[in-house]
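Going by the order they are written in, the chains are A, B, C, D, E and F; count residues from 1 in each one.
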């Protein structure tokens, strides 16, 4: 069954092919709203399976099962593989994480294929666009899951417990890089009863760290970049930071790192030496795995034990909580779709600040645009 | 090297052989105290490895490495295998979980081998013996880990989160059987932000459930047994309970079951039908796996997905947090050891209420004792 | 007769005191006022029992005319015009004292044969009464905006002018006290004191007028007490002194609540520098005390709490929940409006409010609650800023234009708790704060909420 | 001279009032007492300025003898004997009133030529003064344990007896008031009233004595005011009435704090049924109010909070932390003693206190803190029972014998918050509760702690 | 007599001080207005002076105005106060009606 | 004169009522003791009566005892109150010394 049904704009939801990707770009709740807006949603059979969302939940919501690739708009989570791009008809539109900064190949292939691509990574971080900000929504999931992962890997309790068999001291948790994921990690660890400390190069984060009940680790290095992100550090700054962090890290039971600089390799914050000085049984969770990792000993995608310290560097934590991660993602996609569609028809206004930033390839390139 | 060093009573700590058992019967901190009391502690090399406790931590604490089996007292975690019992010299003493009610073979073999066995499961639940109560200390670990496990398996958030990408409702967690593990599970789930509800057959538990901020599920079935434990239900009571629970369960995202009746198969609280009625993506953690499980679909020792519901029935959750579980266990062992030893020599007073209950085999059987 | 009258006087002032006690608490205030009024009726009846009272016709005429003027005036005045009405009533009270003193002088020029305290008390009453009358009229004019609200002064001459007028009035009074029976002197006393009243109040800014009225009120009380002394009338002494004492304490509290001090306000009247109330940056901002917030909340039917990043920074969540519980206990409906991007991370408010054990049922999403604001008595904004900024709705040039916001501005009253007028994350000013129905309670959110809790408990 | 005296009298009673205001708050009480004493000095000096005063020698003698007796009596009395001392001082005050009335009668038998209110006031003073004198002596005897503390009554005859005595005293007084000048009648008044005082106080139980003393204190105040009226002495009128009014309010508050009511206590004096204070099960238990707990905590140097299952059931953790914060702000050291098995699951207290954001540093393990108790001013036990039960240490037959417990009983003062005298998990009674240094604050732990918080804030 | 009056004055002052402790801002204006009405007691002064047999027309007029002023002060004052207190008349429904679930 | 005294009496009563609002239990006994000392004012009665020229020996004796009693009441009362208030003299150290970390 193809999607040429009536005159309605069709939205295709493929089943994700990337290994370990359990998310799906739309969830039944959002499908229902899109259908109510007159869109025709085509879901690939089994698209929600990894997220434990059965196909009939989608059909009950108004979608039908079929080939998603021939739809007017295809919505995805992970960046499309070459094979997937090949399935996209020329002139079609693709929404999803497209890795514009980290994997330029995708952009090149999409341009070649004549597909208009909207990259969710590129949504500007302005107040109005927050509902489309999938980086935030997924980082939030990642921060929460990182703490669960750390607590699971840890050989010790997070909370303090005074019991008949002795008193267990609370775990101390350090979060390096306190963006969205880091804040959520701090808050979650605090909830579980740990003592929490946060560190970031941007000084305004200190108040935010305190606002989730954590302590601020002040190392005296500041590096504010553009658009609310951090900048890369200079050589001396990095040396200084590394040395001071080195000293601080060994006192913690759990270190969660989330430090990223957009488009750059992740800063190396936890050297091997610091790991060696940690107590046996401690845990490091490195969320910067996809950008190379913040810890020298991280092996992105794997969990290793070095010197009795467990180092986990999961590549795609949000995918481990697929239903809610998908739900939040789907809402971001919905918000962006609503901007792209006018009266149910594809009519992106490329002068809009958000779309201008988000659109990375155009089937009919407008003036002065890539 | 054997343990006949000087005249000191020797305590042997073997490396656990049961698959998945990551705990160790003594930890360096407790070893230090025992050595200070004049005991000679022999630790099998690698005994702490699975708990990420290096051998030199034990030797630094005053133990020496060697063959633990020939010691005067051997302390273990898991019940000994036939091969292990064979290594015990006649007249020696063994402390540990010995499964007196669930695995009578162990008792028989120990009696045959002429070993005095103290079963930690049999410590009476009186105020004075609380420091030896390993069931409590390990159940406490299990309750905490059960929530981490449930949260990890769950496709959804536990806490409520209002975000730019929509609001996530808090998970609702039901704990069936609220003993020590169940209470800790309720408390931990609450900490993580879930709405919590508890159910037990003993009515006095209602207040305890509320005392950790949870709601009490009142089904109107009460079954108080002896010694603070529950009794088995009658046929009608069970039918009544099952039917009412059936109705209640389907509304929860997470169900954690811990219901046990000492020496009896675990009550079946969650029938297959109830699982089918749960929302896709829900999770059941069944802590009664070793007694057959509280959920009809549990496969003890495995995690299965049935009807989009994840059912985990771990057999030995405390072992997944080996350092602290071992530490608490070691303190229980220490407390019991202190009762068994008088002035550093083995001299158990079998008229003592605690020892009388705990001792399951005697190398020189006293009058009227097994 | 004289004994009954005296006993009635004692009854009357007992009622005044009892009524006044009632007036200081929100629960008893209405009844307190009624009791005090009853006391007044008793006092009037007692006075009419005075043996040998004459001029009945005129007395009745005065009472009737006064009533006929007073009732509609009090009934018809708009709620917003209440303060000027009080100023006016206070003024006529002062005028009555001054006139009575004048008549007394006319009846016994030079106070022949009276002990010394009679002329002293009478002249004191005349001076203060006249100041109060004319000062109150000016205050009325300013509040009613007949006169301009800004300070009207003669610059550096203000101080000598005022002093001259006052010294003149006192000097004339002294001459009378020493035995003179020239009526012109008394008229001079009244005129000079009246001019002094005018000259002192005119240079004070409109914002300070409520405090000035309260001060003049206490003055009138004192003058009434003095008149009572002169007439040896117990009821007048007690009632007057009661008002003088309680009025001065009240004035002090009012001034404090407005971050002003009485001396600096009066200094303004004498041409001092601290003339005008401090101007807060960017438009008139109304700041209130925790006690007021407590009363507004306690007597509301429905309150919506809007938490923001400031609540998180102050870690005020526990205090907020304490407050909400007290309100719920009083039967006030309480809900929390959680904006999707309040705070600095997704779910920031949830984490904190869960920690404080706020029932999930009370947390409402934006879409769910936005229509409720219009039906809400008080929206209590705790350290939130951007998420309540109406510019997101109506100012296309604002960087937050287009962001959905909480309709806080549609609530009947808005109370904002923050430390200053500083902007939030987006760095833009918030017009909500200068909205006339918005009141600001400045300070760290946790301390502020704690104070509110304390006040709620005291209600 | 007369004017100076009157002015000094006014000054004196102003000082009394000001001092009394001070006496009602812990911060100002010491100074308030001193101010009142200064007022008394002024009043005495003023009286000595009375023109035409004679008998100087005797007056001086009286003052000196009184001082010589009073100072050492007040200085040397043990702190525990204070209440009976107050009873005694109150009694002699009443005696002075009665004696003065007697002398007045002797000097002017039949109150010839005086307005009616003089005999009335004098006789009122005589009756009340005599009741107060003898009643106070009985109260003193009971408190000092010279008399048995239990009610001493004549059974069903008590009511008629008491009424007879009182009616007799009043009847004799009426005869005098009607003009009789027979001294024996006045003596009869004094004797009958004195007997009535004795007869009413004897049947009241020792536990109610403090309330009775307070009531007699208010009576003495009233008699002083009456004496003042008779002598037309402003200072006596004001001071006496002040004590009469404030004393009766105070008595009411005292009775309430002890869960008693004044009418039922007095009824006891007349042989009513509600004679004795309620006996709490199993030994004398001292129960206190939240206000007292607050004061004890606020003025302590070191406080240890001992939470137990009751805190969990009441979910009082947030309130407890609020309280601790207030104490720390006042400079009081606060620690939490966490017993290993407090609550119903391992780490129960930790979970709750972490939820309430108690800093981990304040949580102390049993071994760490057990020696601290002996150096601690107040141990505040919140819903804990078994873990504080000394039977675990010293009663081998107890089911909890051998369990290590918190050394709560070694603290200087112990305050226990729970709902009743019921046992805890182990089902055994706790001797801690009947320890003389233990005070119980009954009620749900959360409400109790909240009340304490409120009181702390008001201090 | 004067000294008794002085004592009364002082005592009344104390009562005034003691009665007003901390008044919430919202009650400031009503309280001011209420006390304002109380000092309308000056109307008694006018009545007494006029009633004591003033027969000079000017004096009569002055006293008449004084009475009128005083009466306005009293009547208007109490009425206005009562209106201001309107907010406190609608009492919140008997608590715990739809209290926390 | 009597009526002025009565007015004074009533006012003093009001002051007494208004001054005592809610007193913490711990202050009940000191406050009782303090007021007790104040009513020692009765000593003035003894002084005035004796000083007014009593010359009958019996009366002199009675008045003397009255003065002694009154003086004991005053002197002992204030001193005992002061001792009771000992606890409030040691003021807690200036707050926030070793405040929460």
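What we mean here is this: a residue touches a chain if its C-beta (ideal position, glycine included) is under 8 Å from a C-beta of that chain, and two chains touch if they have at least 3 such contacts.
Quantities reported herein were computed from a predicted structural model and do not represent experimental measurements.
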Among the other chains, which touch chain A and chain E together? C, D
Specify, for the interface formed by the sequence copies chain A and chain B, whether it is same or different in terms of residue numbers shared by both sides, with half as the dividing line. same
The larger set of C-beta contacts, choosing between A-C and D-F, lies at D-F
Using each chain's Cα centroid, which is most distant from the centroid of chain D? A
Taking each chain's centre as the mean of its Cα atoms, which chain lies farthest from chain E? B
Distance from the mean Cα position of chain F to that of chain A, given in whole angstrom: 77
For chain D and chain E, let me know how many angstrom lie between their CA-based centres, rounded off. 38
For chain B and chain C, what's the span in angstrom between their mean Cα positions? 68
When you check chain D against every other chain, which residues touch at least two of them? 13, 17, 21, 234, 238, 315, 340-341, 346-347, 351, 354-355, 357
Listing for chain A: what residues touch at least two other chains? 130-131, 136-137, 140, 159, 161, 163-166, 168, 188, 191, 193, 213
Shared interface positions of chain F, touching two or more other chains: 1, 4-8, 11-12, 14-15, 18-19, 21
Those chain pairs that satisfy the touch definition: A-B, A-C, A-D, B-C, B-D, C-D, C-E, C-F, D-E, D-F, E-F
Contact residues on chain E for chain C in the complex? 1-2, 5-6, 8-9, 12-17, 19-54, 56, 58-60, 62-85, 87-90, 92-101
Could you please specify the touching residues of chain C with respect to chain B in the complex? 338-342, 346-347, 349-351, 354, 357, 360, 363, 365
Help me check something: in the complex, which residues belonging to chain D touch chain E? 3, 6-7, 9-10, 13-14, 17, 21, 234, 238
Chain B contacts chain C in the complex at 159-168, 170, 193, 195, 213
Of chain D, residues touching chain F in the complex: 13, 16-17, 19-21, 23-27, 29-30, 32-34, 36-37, 39-40, 43-44, 47-48, 50, 52-56, 58-59, 61-63, 65-67, 69-71, 73-75, 77, 79, 82-83, 85-86, 88-90, 92-93, 95-97, 99-100, 102-104, 106-107, 115, 117, 129, 210, 213-214, 217, 220-221, 223-225, 227-229, 231-247, 249-250, 253-254, 257, 288-289, 291-292, 294-296, 298-299, 301, 325, 328-333, 359, 361-362, 455, 459
